[in-house]
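Got a structure here, written out as structure tokens. Questions coming.
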Amino acid sequence: MAFVQDFTWKHGVTVKELVDKYGAIGYQSVELARAKDSIVKMKKASSKIFLTFTSNMVTSGLRGFFAQLIKLGMADVIVTTAGAIEEDIMKAMGERFPIGTFSMDDVELHERGDNRVGNLVITNESYCQLESKLLPMLDKIYSKQKRLTVSELLKEIGLQLEDEHSILYQAARHNVPIFCPGITDGSLGFHLFMYQQKHDDFIIDVVKDFKKIVLCTSHDDTKAVIALGGSISKHHAILACLLNGGARYAVYMTTARATSGSMSGATTNEAKSWGKVQDDSDVATVIGDVTITFPIAMIAALEELQAEGLIDG
Amino acid sequence: MAFVQDFTWKHGVTVKELVDKYGAIGYQSVELARAKDSIVKMKKASSKIFLTFTSNMVTSGLRGFFAQLIKLGMADVIVTTAGAIEEDIMKAMGERFPIGTFSMDDVELHERGDNRVGNLVITNESYCQLESKLLPMLDKIYSKQKRLTVSELLKEIGLQLEDEHSILYQAARHNVPIFCPGITDGSLGFHLFMYQQKHDDFIIDVVKDFKKIVLCTSHDDTKAVIALGGSISKHHAILACLLNGGARYAVYMTTARATSGSMSGATTNEAKSWGKVQDDSDVATVIGDVTITFPIAMIAALEELQAEGLIDG
Amino acid sequence: MAFVQDFTWKHGVTVKELVDKYGAIGYQSVELARAKDSIVKMKKASSKIFLTFTSNMVTSGLRGFFAQLIKLGMADVIVTTAGAIEEDIMKAMGERFPIGTFSMDDVELHERGDNRVGNLVITNESYCQLESKLLPMLDKIYSKQKRLTVSELLKEIGLQLEDEHSILYQAARHNVPIFCPGITDGSLGFHLFMYQQKHDDFIIDVVKDFKKIVLCTSHDDTKAVIALGGSISKHHAILACLLNGGARYAVYMTTARATSGSMSGATTNEAKSWGKVQDDSDVATVIGDVTITFPIAMIAALEELQAEGLIDG
Amino acid sequence: MAFVQDFTWKHGVTVKELVDKYGAIGYQSVELARAKDSIVKMKKASSKIFLTFTSNMVTSGLRGFFAQLIKLGMADVIVTTAGAIEEDIMKAMGERFPIGTFSMDDVELHERGDNRVGNLVITNESYCQLESKLLPMLDKIYSKQKRLTVSELLKEIGLQLEDEHSILYQAARHNVPIFCPGITDGSLGFHLFMYQQKHDDFIIDVVKDFKKIVLCTSHDDTKAVIALGGSISKHHAILACLLNGGARYAVYMTTARATSGSMSGATTNEAKSWGKVQDDSDVATVIGDVTITFPIAMIAALEELQAEGLIDG
């Protein structure tokens, strides 16, 4: 049996050492250490890893980390939302996102064309830049293919980007499909609609993309899910796993709670009732802000995997 | 200036009387009374009302209330998720959803084919029933039209249902469009994929549906949003409003918090920075479980509107 | 087995009728209906009911409801915090508490002597009034007795108040002891300290008050806890029950969560491991803002009890 | 203006380096970096630092860290709850606290004498040990002094302990007063009550202890608060600061939210309206589980302070 250990600081402590101590502190720090263990195990088992996140995380600096994880082979399938795609492209074009506070005056922000996302800001200028760059990309893509799945569209866009911190760039170059089942839910939806106005045979085939996500792994593959935040991206990944026999490993990191029956707050335990994760699977649910919890848990896992020669550093 | 009033019980108190008292209790009860006021005002101003909700609310008994609200003219546009559609259809077929507890044994539930949603259950049998009924419906629809938007698909399904407590049934009969930007994110996605396997020209056109949601109101319309829970359904409705100049009234009811920058937790204030709601709009954010807060606020609004002859009772 | 029922509105619906419907809606509405059931059962079983609340609830209009519940015999023991005592006295003196918003400018408020509690305000003037009235009261009490327990002090104060909406007033007149284990944690603490400066033999005996709360019920009594919010008031009541064999009925209503191991977020299930509530007890935990959830649940319980002649209305 | 930076992992990253990156990620990671800055500044300004925490944190492994912080001169005043005192003493006697899960069976736990605190356990045996050791200590203390303040009692106990990881041990040896305004709210209360049964002149003088906390700093001192979790411990510290002109630095780390008007969830902004923190003070509120957030922020602060020779390592 494990017991609580008194935690003390030593000079120069690394993130890996801290997470090792977390395992004996208590509450969510213990769950975070368990999440690290699950991540290590899923990689050692050569699982197909579904990594899901929401757009606010791509607004944040986690975006570069997601791109790095794809490069390191820590994600085999990405599922995310329309906003995440847009902001990854904006950043790949050099747009920068100011850091503010949660209590900025929203009417003032609106007057100067700043859009608040928590304590971060996206300027109207960034949305204009997106529009100006997206249209020539769509022209190029349409000239090759008129009916595409979302993942095909995103791969084509990724191939046209030049930014190694870009999720789309890395995914396109490492054959990691990016699924985005709600692709129209953003300014991207508006640009696709405008494009279709001029080209009625331009079709985004979401149904065929569902086939792709189902077939991108098989019943025989060991499957794993790392779901950051809730929303359609989390649900879509675990649904794809469910249709192939369920995930063997699952890590959920979120601020949503289980008490209202929402998908976003559903725990890894609830997932067992559905067969979304297998009954004897290795799972962890960590409650907390992903910008804090995910880097810690993943860094510790990466250090451990690197020490065993399972990833390059 | 308004002051806190001591609350006391009187025998036979109605929901309407309670909400009137809420306005002088404090904290979220005050916000709930403000939400009621916003709902009354949006209706009096003949606003186009976007009502959004997530699938867990359709799992719950709120489903019949949503259908009633459509019938009463309290919703001009519906935005929701795939699970909500599926469960509305299941219930219209007579499937029943057991009530359990949050702490049921998930492995046991899985063994007997029960899927947990908080303290509610959906049986595997209900999913089988859905499949058996959906295929003939799709055949009928496909025979008429091969390329449809999601809202067209849902209207066609709604017309084939016979249950006045059904959201799709009422929406189809009252010309209220139902948008579902992530239509493939559920077993519905699986059935559409299987159908497309046999009919490659069967296309769900999500891009054209984005056009429809943008054009279903205009800049000149007064627009209002009642967003229950977060997710893609909330965002999609306020995005559609934003593209037409923003909502004049907005009520958000959710358990998600603003502190992690998520869309689900974003407040009506944050929405002002985007122009999602207008700077001088009438807004309220109520934190709490929607199964408790929404019936109270909406019932009080309905009583008030009925007293003024603005809805039938 | 119970099943989810479609909820629909009917004109003139009472709070009691709504709560009956809640039992078949889902998530927290189901838990709230269970809380109502527990309250009815605890009263029918002639339990000794511990009612606990925090100071912010006395800042709010729930204060008058608590006083009414004491009068109706729905609370046999009160446990609360220093701020609650202070604000009950202020209100009994006629002080009024303005209603504001959560986003008021705190620096501006400070400049004009307004202290924010969420979306409510307590003015510096109210604190001054408290001071001017409290000193003569203490003189009167000290002249009778120099070493008092907290509950004795609060009874003496209650007897000097003239406001039927006052908790202290009703408790003093109905022999309901008010325990406040952290009595010095507020401006009350400051006034007691100033008083003791002049009268060194003035002693508030918290240890003897612990004896009183332990002996105010016995092992043979059926005990029940209604804990609103968390904090020392919740813990103190269930500790007193634990020392007498645990509570048979327990209703927790709070916004705090179980995930961080805090007392405030601890569930009625966790309480079973301690024997704080009995293994086969009738318990309910409702997550949500108490200003919304408590009036609904308690009103429905009162209507039911009144119908059976168990309380006066 | 600061901008979001893409975060990427490098082998061997230290906690200090991670927190530096947090400042440019977003949401709560940015707030955590600000909290670190506030801690560094409060120490550089030679502030009198009030460190407050709740009992669940002493159940956890943070207990040893709190002791170390006292030794390092990072806390001048401690405010906490009765449970924290008890568990510090139990651990100083060698009692060990098992690590479990949040979903353990509470009835089973009760049957074998295990008491759950989130995913940790305190055994009945530990409570028995506490009792057996506490009585001789009280005898020794009573023989010297019959009327004590809480902080005097805790110092006397601390002097009798022999465990450098003990909070009471370090506080007693470094003249750091420990205030516990709700001292009777725990098994400690029961033991004090039993002791007073035999010695009626044994008095715990909480009123005099309030004088001590008010006078342990002055208006002229620069004051700072690090409040972990909410409850009476948080409120008591900021109340003491308020009475001396308010804190210049304040860091709140909690999972409680501001939306219900509770003290536990009150933000550093709300504190400004009260003068609890000064209008131009340096403040940060970090939402998240303290077992994760506090070690990270404090370690980074310690590394920075050590580099400047302001603490020993």
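As written, the chains take the letters A, B, C and D, and residue 1 is the first residue of each chain.
The rule we apply is simple: a residue touches a chain if its C-beta (ideal position, glycine included) is under 8 Å from a C-beta of that chain, and two chains touch if they have at least 3 such contacts.
Model, not experiment: these values are computed from the prediction.
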What chains do chain C and chain D have as common neighbours? A, B
Let me check something: if the centre of a chain is the mean of its CA atoms, which chain is farthest from chain B? D
Using mean CA coordinates as chain centres, what's the chain A-chain B distance in Å? 26
Interchain centroid distance [CA atoms averaged], chain A/chain D, Å: 36
How many angstrom lie between the centres of chain A and chain C, each centre taken as the mean Cα position? 44
Residue numbers in chain C touching 2 or more other chains? 26-28, 56, 59-60, 103, 118-120, 257, 259-261, 269, 287, 289, 291
As the complex stands, chain A meets chain D at residues 1-15, 18, 21-22, 24-32, 56, 59-65, 67-68, 91, 96-99, 103, 118-120, 165, 269, 287-289, 291-293, 295-296, 298-299, 302-303, 306, 313
For the chain A and chain B complex, residues of the former touching the latter: 54-56, 59-60, 81, 83, 102, 104, 106-107, 109-110, 114-120, 147, 181-186, 189-190, 192-193, 196-197, 202-211, 214, 229-232, 235-236, 239, 243, 255-266, 269-275, 279, 289-291
Counting only contacts in the complex, chain B reaches chain D at residues 26-28, 103, 257, 259-261, 287
